[in-house]
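In the two complexes below, chain A is the common chain; its partner is chain B in one and chain C in the other.
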Partner chain A sequence: MTRGELMAYLVIVAVVLLLAFAVPKPISFSTTVSYIIVGFIALVLLIIFVRTIQGNMVGRRIVFLFVGMAVILPLFMTISQPIPLSPEVKQVYDAVVALKPGSKVLVSFDYDPPSAPELQPMAETFFRLCLSRDLKIVIMGLWPQGPQQAEIAMRKTLEYPEIASKNLRYGIDYVNLGFQTGNEFVIQRMGGDFKSMFPTDLNGTAYDSLPLVRNVRNFSNIDYAFHLSAGYPGTVEWVQVAVDRYGLKMGAGNTAVQTTQMYPYLRARQLVGLLGGLNGAAEFERAADMIGKATKFMVSQSFSHIIVIAFIIIGNAAFFLGDKSRKRKQEAAGGGH
Partner chain B sequence: MEIFGTWLAAFFTLGIISFLYRDNAWYKLCESIFVGISAGYWFVTLFWDNIHGLFWERITERHDYWLLIGASLGLMMLLRLIPPIGWISRWPLSFVVGATAGLYIINYFASNVMVQVENTLMPLFSAKFGDPLFSASPYSIVGNIVVAAGTFTGLVYFFFSKEHKGAFGGMAKIGIWTIMITFGASFGYTVMSRMSLLIGRMDFIFGDWLGLIR
Partner chain C sequence: MRREIPLLITAIVGIFFVLQYFIPHPPFNRLNGWFSDWFSIIGACAIWLGALNLIRISADKIYRKRSDWGFSVVIILSFLLIVVIGFKEGRDFRNPGSGFDWLYNFIYTPLSATMFALLAFFVASASYRAFRARNLEASLLLVAAFLVMLGRVPVGDAIGVSLGLPETNISKVAVWIMNTINTAGQRAILIGIALGVVSTSLRIILGIERSYLGSE
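Our next item is the complex of A and B:
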């Protein structure tokens, strides 16, 4: 470890201790202060643009710094942004509200903590919407940490006053069957018999001892399925096996990375609704009128996108204008000889 | 204990982010611990879920002796570690390749080829076959034309038996533009996804850990 590194670590520790113990909490910028900050950042970007055209290139750390500011600062701001509702998100909402009270909804949690910022808000809103409409939820996961994410989402959902007042009971109103290894082969076997893949729930209770699923034999006993996916096994496998082979009616919530891959399934009506990334989660919160973290995060998301676009413009301007000025200089140098 | 977990998570988050400045000892420590824990976690998970849960429990409790066939194939796969009889591992491997290929061909052909082709061959100006012309909404008409033209020109681009010249070359050019726009949309979504992860971490640092966010 160099002396410079050691100094940097000490500075970080000092800043952290300052933020943790000396700064009054929570911090919130008023709308005016928020707009002043945005204006200041825009001004600095303009200066960077001009300097870049003049040939003074920006280091990658400056880009990181701006992206970091664009993500962090809006978390303290009180400004909001309009979130238009797309047809694919409305489809999920419509499918849920069309279900009669007591209908059984299967939710498969096929993601792990790294994808939680995008998918956890979807899960929480979906649970809240289902439970507020007296639907029964059957949870499972093809990823080992999926059912644990479901537990976190369910715990949070049960704390909402309108849900807490219903005195919902585990095993009757919702059940977590846990994780099962085997990827798409699990889905395949569930098409014949759920119990063969989930002989017990997450807590080790026998399948037949759970009133909610005792009579659920296969997909034909499920009224709607919602799938949260971050990769393989994911929505593709669910569509191929559960939807196309067994006729399950299913919507999906995906990380943004794989959303474009799902649109053909949506167009072909293999999926009944699709939530794509954080934007999809925010739209779903709006559709259900249950504003949560996704809506709050969208301001940071938009700011960071603007910064990325700004630096793409700056980079391209530097490339093309710099190229022209280089040619001019070369021509001038050639003319002089 | 929860506070300790939060501080530990914050320590690792900051350690990983420190790489943005440059490679350093803190980052290396966090990276090594992450790799080690991941390997250990997956080993334990797969052991208890596969070998214990799906094999041992079912043999001992449900007497499902058919599983012994699968277990034997699994053991044969491990024979690669003994070079003189390593060739035996080709048998289970060929079983896995054959079974997986068979399953995937059916699944992909049904879901990703047949259904998709059916939905590309849609009437351009009507809601469905037999409906009057222009009965579809303007949004659907534009969508249908884009999908049909994009698919056709995309296929033209990948047709290499004829030189890409003249009208054919023009269509191929539209095809490659369509493909590029698709890649662009995919990349845009990827940026959104990565930013979401960063937002989640920053919310943890400034909210859950430091308590600065309301």
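Our next item is the complex of A and C:
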């Protein structure tokens, strides 16, 4: 690390600390200020574009700076945007609202904190929707940190007034069976007997002592499953074992990078609904009319996509103009001979 | 015998798992449970093995003072800290307000999310430097990427409207690309992978493919 880099890091830390302690309340830009900021960023991008045409390519640090601004600044803006509802997200919502009160829903948490910004809002909205409709939730995880993420989501969900007023009880209305190692073998064994894979829940309570799952033997006792996935083992394994072999009705929520792989299963109706990335989470919040974190973060996502597109256009402009000027120089050199 | 016994175990377990898929009746279903339990036990042991191996490699790096050995000190200290706190708090270690819960929520989660968030910066930088419309295929990919990137965020439709397109048209185009073009490509990849898995599995079960045993 050079002295300059160290200084830059120290300045960033100092600014963050200053913001954290010196600012008395959360910063929020008015709509006018927000649009002025957006206009200013657009103007700077235009200047970069013109300079690129003139042959001055910007370095990657400038790209990083713009992406950073595109992600951070919208968090303070008061810009709202209409969120269209895609058919795959509506499928998940329709599947949940079609369930009768008391139906059992299995939710598998197969992700860890790095994917939480995308998947945690899905989990929270799904829990809130299920509990508000008096559905019973059985939680499990094939990733070690999954059940912990479920605990965080459930804690937050239980704080909503409409959910808190129901006085839901652990073991009767929801249960967390915890983590089990073994990847797709766990799913396969659950097809025969849940208890063999989860003899106790997350807190060590015996399976048979939990009223909610006492009579749940295998997937045939589950009315709908929702799977949150960030990799392996994930939705693919659940589809191949639980859906294909045991006929489980299942929807999924995936990180954006993984979503593209799920469309064949969606088209084959092996998946009943799919939430893809933060956008899927925001659409689900809209479908359930439970606006939360994902909808707010979508402004950042919109800005960052625009910035990436803008820089790809700038990069291509530089490529084509550079190519033209190279050809011109070659022709001039050839003419001289 | 050092090679024959593992080959025999692999062949028996491989053939058994193929059979149990098609015959879910005794004795296959019972044996399936037995083998699956063994898989879970070995998996649980592998977690410990992985953790101990991490400690061994990090300790070796510190002992030999290899480059960036300071990070290995952080690894070992963090590992010990979370293990000690986890064991000390017993079964309640996940409860709100516990030391483990605090470390998980305020240290582990933000650090992990930060690492994942770096992806956005690298994707942007890499796209800027390498995503070029050099030929027809690359141009098609570029156009599809633009439409999906715009269609997957609400601002895409707003841009479409400002360009005179009907509302939600860009998002519909993105859904069509994902549902039709992407699905066709993904299916082709999946079929290819499946055929590869079947042939490799057969080679392993029949003992033709032996690289997993390591060198002599």
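We adopt the following convention: the second predicted complex is superposed on the first by the 316 of 337 C-alpha atoms of A that agree within 3 Å, B and C clash if a C-alpha of one lies under 4 Å from a C-alpha of the other, contacts with A are read in each partner's own complex, and residues count from 1 in each chain.
Just so it is clear, contacts are C-beta pairs under 8 Å (C-beta built on N, C-alpha and C of every residue); 3 or more make two chains touch, one makes a residue touch a chain.
Worth saying up front: this structure is predicted, and the values here are computed from it rather than measured.
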Clash or fit (per the criteria above) of chain B with chain C on chain A: clash
First, second, both or neither for A:F76, with chain B first and chain C second: first
Which of chain B and chain C A:H305 touches, first, second, both or neither: both
Which superposed partner A:S86 touches (first chain B, second chain C, both, neither): second
First, second, both or neither for A:T260, with chain B first and chain C second: both
Contacts of A:G277 with chain B and chain C, given as first, second, both or neither: both
Which of chain B and chain C A:D208 touches, first, second, both or neither: neither
Which of chain B and chain C A:P26 touches, first, second, both or neither: first
First (chain B), second (chain C), both or neither touched by A:E162: neither
Touching partner for A:Q240 - first (chain B), second (chain C), both, neither: first
On chain A, the residue positions that both chain B and chain C contact, one per complex: 64, 67-68, 71, 114-117, 144, 180-182, 245, 256, 259-260, 264, 267, 276-277, 279, 301, 304-305, 308
Residues of chain A defined as touching chain B within the complex: 1, 5, 8-9, 12, 16, 19-20, 23, 25-28, 61, 64, 67-68, 71-72, 75-76, 114-118, 144, 179-182, 184, 239-241, 243-245, 255-257, 259-260, 264-265, 267-270, 276-279, 293, 297, 300-301, 304-305, 308
Contact footprint of chain A on chain C as seen in their complex: 21, 29, 32-33, 36-37, 39-40, 43-44, 47, 91, 94, 96, 104-105, 108-109, 112-113, 115-117, 120-121, 123-125, 127-129, 131-133, 142, 145-146, 149-150, 152-158, 168, 171, 175, 178-179, 182-183, 186-187, 190
In the complex, chain A residues that touch chain C: 60, 63-64, 66-68, 71, 81-84, 86-87, 112-117, 144, 148, 151-152, 155, 180-183, 185-186, 188-189, 192-193, 196-197, 202-204, 245, 256, 259-261, 263-264, 266-267, 276-277, 279, 282, 298, 301-309, 311-312, 314-316, 319
Of chain B, residues touching chain A in the complex: 14, 18, 20-21, 24-26, 45-46, 49-50, 53-54, 103, 107-108, 110-112, 115-116, 118-119, 147, 182, 185-186, 189-193, 195-203, 206-207, 209-214
